[in-house]
Amino acid sequence: MGAMYALAEIADRLGGELHGPGEIRVGGLGPYDAAEAGQLAVAFDAKALARVEAGEAAAVVVPVGLDSELPHVTVEDPKAALHVLLSLFEPPPLPYAGVHAKAEVHPSARLGTDCTVGPFAVVEEGAVLGDRCRIGPHSVVGAGARLGDDVLLHAHVTLYAGVRLGSRVVIHSGSAIGGNGYGITMRDGRLRRIPQIGSVVLEDDVEIGCNCCVDRSTLGFTRLGPGTKLDNLVQVAHNCRLGENCILAAQTGIAGSSTVGDNVVMGGQVGVADHVRIGNGVQMGAQSGTTRDLPAGAEVTGTLAMPVKTFMQVQLLLPRLRELFRRVDKLEGA
Amino acid sequence: MGAMYALAEIADRLGGELHGPGEIRVGGLGPYDAAEAGQLAVAFDAKALARVEAGEAAAVVVPVGLDSELPHVTVEDPKAALHVLLSLFEPPPLPYAGVHAKAEVHPSARLGTDCTVGPFAVVEEGAVLGDRCRIGPHSVVGAGARLGDDVLLHAHVTLYAGVRLGSRVVIHSGSAIGGNGYGITMRDGRLRRIPQIGSVVLEDDVEIGCNCCVDRSTLGFTRLGPGTKLDNLVQVAHNCRLGENCILAAQTGIAGSSTVGDNVVMGGQVGVADHVRIGNGVQMGAQSGTTRDLPAGAEVTGTLAMPVKTFMQVQLLLPRLRELFRRVDKLEGA
Amino acid sequence: MGAMYALAEIADRLGGELHGPGEIRVGGLGPYDAAEAGQLAVAFDAKALARVEAGEAAAVVVPVGLDSELPHVTVEDPKAALHVLLSLFEPPPLPYAGVHAKAEVHPSARLGTDCTVGPFAVVEEGAVLGDRCRIGPHSVVGAGARLGDDVLLHAHVTLYAGVRLGSRVVIHSGSAIGGNGYGITMRDGRLRRIPQIGSVVLEDDVEIGCNCCVDRSTLGFTRLGPGTKLDNLVQVAHNCRLGENCILAAQTGIAGSSTVGDNVVMGGQVGVADHVRIGNGVQMGAQSGTTRDLPAGAEVTGTLAMPVKTFMQVQLLLPRLRELFRRVDKLEGA
């Protein structure tokens, strides 16, 4: 997995200094404590370097001032170098090119230049794809969906009819965009779903993890602003609007018609009730939840965990908290 | 997206009064504040009407007593009119008819009249489908599964072998019905799954959102009663029984062998432990959880969220709550 | 569904004593209170036996000392007998054999002996499968993935490129193994994902439920130890390492770079923050969460649920807990 580079080219790309044979080739980037044979590693300090040298790495990147018996490249900022190397060694996301013979693309669909459609992928009628879109195996681009340029759908993504994606949107395996919102009414003694006939807009640079759900709106669009990133298993309900550059960690859920500002950060398993307004820059800790609006810049949290025995006591005593306040009131009055 | 109607027909369907040219045609229904050109909108009041008039809607539905320069229809109850219009403009869920050439239907499977099977869908051996069932792209109807009439599976649904669905059941993309229940035992120093050889019954009018899991039972059936609706990412474990007309919001989970009555409402991210009995009409607030039975009609909740600083204090002080009660006891005794 | 056996063979397999005609055949195993015609049932006591006899079962297994008018088998330990019977009657997980004509297997992929690849499954370039692997419909084995022997992927599983599975690994429908970890950085005013170029190792006998996510590491491998079992909708983030024989119930999530020891048990909806160390044998109750390390053997919990009215009071009073402690301090000082 991953490309091979001569060490001299690595030094060049990092703006670093080469020590040792420039022509040796490294294939892949490994962790400092478990690099495999032929891989390159990055050591942030002497301790990490010792681990690299004890292992099988073919070469190592070190901060200026460290020396190694291994072929190595010295750099000013090894953390920045690591980021460059991660991009350099990132494998292509899909091993396909062009429209696969076993894909199913409706004749009325329009594909831009250099699009990739994997085996068993489906592009339904009237869908429009920009340039260089990559559609993974089994992914479904629903009827009338509109995609910008450089969109990447991994395997098993479902875009319901009419979904609109900006450019550079990335969606991971198993996510469903545009499912029916959960609007329910009782009629003739049985619950009935209220039809949701809107759709979803994911703006430029939105990224969606695995097995997420973003529901379509009743009317108009459920909307995620540019650059917003969802981790895995995140739920965004119908009629929600999220601003730009939001971070929603795994298993977080936003209920219907809530509004989230820009640059909001939610930890894992956060819950936001319906019709709530979350201001810009709000930070919500893991497992917290809110049924009320949160003003811009607010920081809340809510994770409780304590030893079982203590928790059992607390759980018994908490409902008596009002009684305790009253008893203290009385004592003070006495 | 969506059908086109003459405004006169809209007035007729709504039992409303037409003001303006009846022959103009509207294509789609838009939100009052963002209707697109050619769409119809509904304004509940004068303020909403002003928004509609400032936009691009071709026509508008208003309550009796409001007047508009736009072609419009007046109705007694605009909310009811909106529901009628949502159904009227709802697009067909799947753009296919008949059995697609790229579907894989086992020769022994039996399909009722007017069934639709999308591209790359699989109907395994011995499966039986009622009339007018619609199976979306990539959905799998497992061996021996039995479906009533008018069942709708969106894309990427998995029905494991032997699953039984009533009529009008709807399942959204990515849901897996009949996965192996999570029964585990230790044998020879390693955890082993206990085989779960039962299956799942979803009765008439059950609807399941995206990426849900309903596990099969050890023996017999895990069962969801008529009209019960699951939102997205909901977990129902093996051997559970849910009554009719239950509402389970997103990311809620019910652990194994628990029983839920009729008309139960659970908010998002609710947890119910295993072997628990939840009575009829119980309401559980978002993020609440119970390890104990809840009697019919009970209402519980459990979402905590407060400013980080306050929460940190509370988290430190809570374990000392028993101590505080004792100190107050002593003061009172003094 | 399920095989048929003569009652004499059942008695033989259970090491029990046959009472009645040994040649009658039973097809399937039913619950004692709802066995269908022709099925076998197990009754643990006289009360359960009465239920079986009132139903349609063809035969019954009872503890030594109980007698029945039905053809029956007596055993010393009916619970152990039930486990044997569950394995005996477990249907085959996939109704396919060999490589299906509608599968897509890259010419460079290597399959061991007796592998099964279902319709519309994809095995990408350079993937290596051991013997007797079974790949369900629509599952994707990514480029360069390596599978041991007897691996079972149900329908709609996604293995990203480079994933490594041990022997006897089982993965249920909709799970995505090797999705991009959620590492994010801000660059040019927009959030960007940091490439994650490692992969995932699931060791021998790991089992993964439906719609789970295990993300690949930044470098090296996210790793689940032998025998570890995930229920449904579980999230394991990038760079995590889980030990052996861990049990993670549904909707639990482990954030990035956390380490979990051996024999750890987490209830449903548990959250573990990033960079946390959970010791061997830790038990975390449902809905609990931790942002701190937990030592070996620790037991924590955190589920709060109380009547709505009580909860509302508690929620108002909790932030005043520090004030209350101070007032009591003062009273004691007085």
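Lettered A, B and C in written order, each chain numbered from 1.
As a working rule, a residue touches a chain if its C-beta (ideal position, glycine included) is under 8 Å from a C-beta of that chain, and two chains touch if they have at least 3 such contacts.
Bear in mind the structure is a predicted one, so any value in this text is a computation, not a measurement.
Student: In steps of 5 degrees, what rotation angle do you get fitting chain A onto chain B on the CA atoms?
Tutor: Resulting rotation angle: about 120 degrees.
Student: Where chain A and chain C touch, do the two copies share over half of their residue numbers, giving same, or under half, giving different?
Tutor: different
Student: Just the number, please: Cα centre separation of chain A and chain C in whole Å.
Tutor: 24
Student: On chain B, where are the residues touching two or more other chains?
Tutor: If we look for residues of chain B contacting two or more partner chains, we find 120, 138, 156, 174, 211, 233, 251, 269, 304, 306, 318, 321, 324, 328, 331.
Student: Chain C touches which residues of chain A in the complex?
Tutor: 1-2, 28-31, 34, 83, 86-87, 89-91, 95, 102, 118-120, 137-138, 154-156, 170, 172-174, 205, 207, 209-211, 226-229, 231-233, 245, 247, 249-251, 267-269, 286-287, 303-308, 311, 315, 318-319, 321-322, 324-325, 328, 331-332
Student: Quick check on the complex: what are the chain C residues that touch chain A?
Tutor: 104, 120, 122, 124-125, 138, 140, 143-144, 156, 158, 160-162, 174-176, 179-180, 182, 184-186, 190-191, 193-199, 211-213, 215, 217-221, 233, 235, 237, 251, 253, 255, 269, 271, 273, 284-285, 288-291, 298-302, 304, 306, 310, 313-314, 317-318, 320-321, 324, 327-328, 331
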